[in-house]
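First subunit A sits with subunit B, and in the next complex the same chain sits with subunit C.
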Partner chain A sequence: MQPGISWMSRTTMADELRPGDVVETPRTDPPHHTRVPRYARGATGTVVDFEGEHPLPDNRARGIATAPESVYTVRFAGDQLFDGTDHDIVLSMWRSYLTKKADDE
Partner chain B sequence: MGRINDVGGMQGFPSIAREDDEPAFHADWEAHVFAINRALLARGLYNLDEFRDAIERMSPQDYLAASYYERWLHGVTTLLVEKGVLAAGDLVDVAHDHG
Partner chain C sequence: MSDHHDSPDATISARVRTIESRLEQLGLLDPRELDQAMAAFLSHASVGNGARVVARAWVDEGFRKRLLEDANAALPELGLSMSGGIRDQRLKVVPNTDSEHNVIVCTLCSCYPVALLGPSPTWYKSESYRSRVVREPRAVLHDFGYDVDPRMHITVWDANAETRYMVLPQRPADSAGLGEDELAQLVSRDGMIGVAPV
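Showing the complex of A and B:
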């Protein structure tokens, strides 16, 4: 986590995520560069940290001007991604990759 | 549409060879590729995501057969042609001259 970036400063934006939020990753591969690995597609994880703001690589790789957006540290239970894995797998995920699951799900 | 670079979690690849006291470069040309890429990124000819994308667009056969810095060279030359700095024929000529 970058020093000086606090969760408090992020929570004013409605679409921002907080630690503990349950999120889903995209189910499909886009037809361009992306930073979501195949093994983490269609997975459910939990936000654990905020890593700062960076332009979405999917856009930048295609020469599309893009404003920085939030990047989060997301933890996945290993057996969500690989059978027989008992440790957690932690990935950096841009906000655009994540869909927040409703609290009652 | 997954690309050939996205092999995380895939079975069948050999284990990663770890060299003791591994040098940063195994040949001078690798250092040259590294330096050229850094210079072109710094000049803004392309950005890091375009560079990664250029490598990921390699054909699966070429990607798997290439070493790390061979992939970098492919990415650099692909972008030099696509950005209009080099003509595709220039690359063939250079390869021929040094062949």
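Showing the complex of A and C:
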């Protein structure tokens, strides 16, 4: 990314995410490589940062041509993922993995 | 842990050798190419690099801010970079505070800031560490002999994509008066992974 260009300006797509957005990860187990760890499936977290744009590994691993897409840092409360825990877990998530939850949810 | 008698390193080494020889058979890889790349990379990759970064952050508040804001932009101030590998990797430095402790892991494989910490320890790549530290970090840290104050919040950073993490430990209270080089001597690899206080 060029200096001075804000992280939102690379795309005009309305589906880009911002820090503070509440997002949900996929619930399903895909029949191919993915970077969503099994323990983080179907979890709700909060976008905290933008990491740049990278091709979706799920496609690259299958030899499918794929354009770079936004990757976000997402923070999850540990008890979203493991019962009885009080820590947080931070993961990187490609845009394709995330469903933005409505503000009133 | 699995019941394999081989150590994780031995298992990984065997797999790597198999893949390497297959790539050579297919003519996709020149054996010397890989050796040269590894030698060049590892000659610069050592835990001393990370320790220098930490010590500088302890003595220079401006550097600390720049490091936490954009680590890749701050590293060249110490003659360091994250570009030694296949491509320039994004580095995120996460600071320990009085109320927050950080620990790093790669649950999917073994991603690690090699340029700053040198080759990763075997336990970092073990299934046991990778699966347990996201579930019960306090218990794992206890096994390392480090009991985190129960009032401290813990964040586990799972390097599942293109970002590498390094922990910025807190400066020891009894280190007043020490110079930057002496401070760097206090910093351990485990401290920068987050399984030790410093």
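Quick notes on this structure:
To be clear about the criterion, the second predicted complex is superposed on the first by the 94 of 105 C-alpha atoms of A that agree within 3 Å, B and C clash if a C-alpha of one lies under 4 Å from a C-alpha of the other, contacts with A are read in each partner's own complex, and residues count from 1 in each chain.
Quick note on the criterion: contacts are C-beta pairs under 8 Å (C-beta built on N, C-alpha and C of every residue); 3 or more make two chains touch, one makes a residue touch a chain.
These numbers come from a predicted model, not from an experiment.
Clashing of subunit B with subunit C is the outcome of superposition onto subunit A. Contacts of A:37 after superposition on the shared chain: both subunit B and subunit C are touched. Of the two partner chains placed by the overlay, only subunit B lies in contact with A:29; subunit C stays clear of it. Contacts of A:82 after superposition on the shared chain: both subunit B and subunit C are touched. After overlaying the two complexes on the shared chain, residue contacts for A:63 are found with subunit B alone; subunit C is out of touch. When subunit B and subunit C are set side by side, the one touching more residues of subunit A is C. Touched by subunit B in one complex and by subunit C in the other are residues 37, 39, 57, 81-82 of subunit A. Listing the residues of subunit B that touch subunit A in their complex gives 1-2, 6, 8-9, 47, 49-50, 52-53, 56. The touching residues of subunit A, counted against subunit C in their complex, run 35-37, 39, 49, 51-52, 54, 57, 71, 73, 75, 78, 81-82, 85-94.
Interface of subunit A with subunit B (complex): residues 29-33, 37-39, 57, 60-63, 81-82. Put simply, subunit C touches subunit A in their complex at residues 90, 92, 107-108, 134-138, 153-163.
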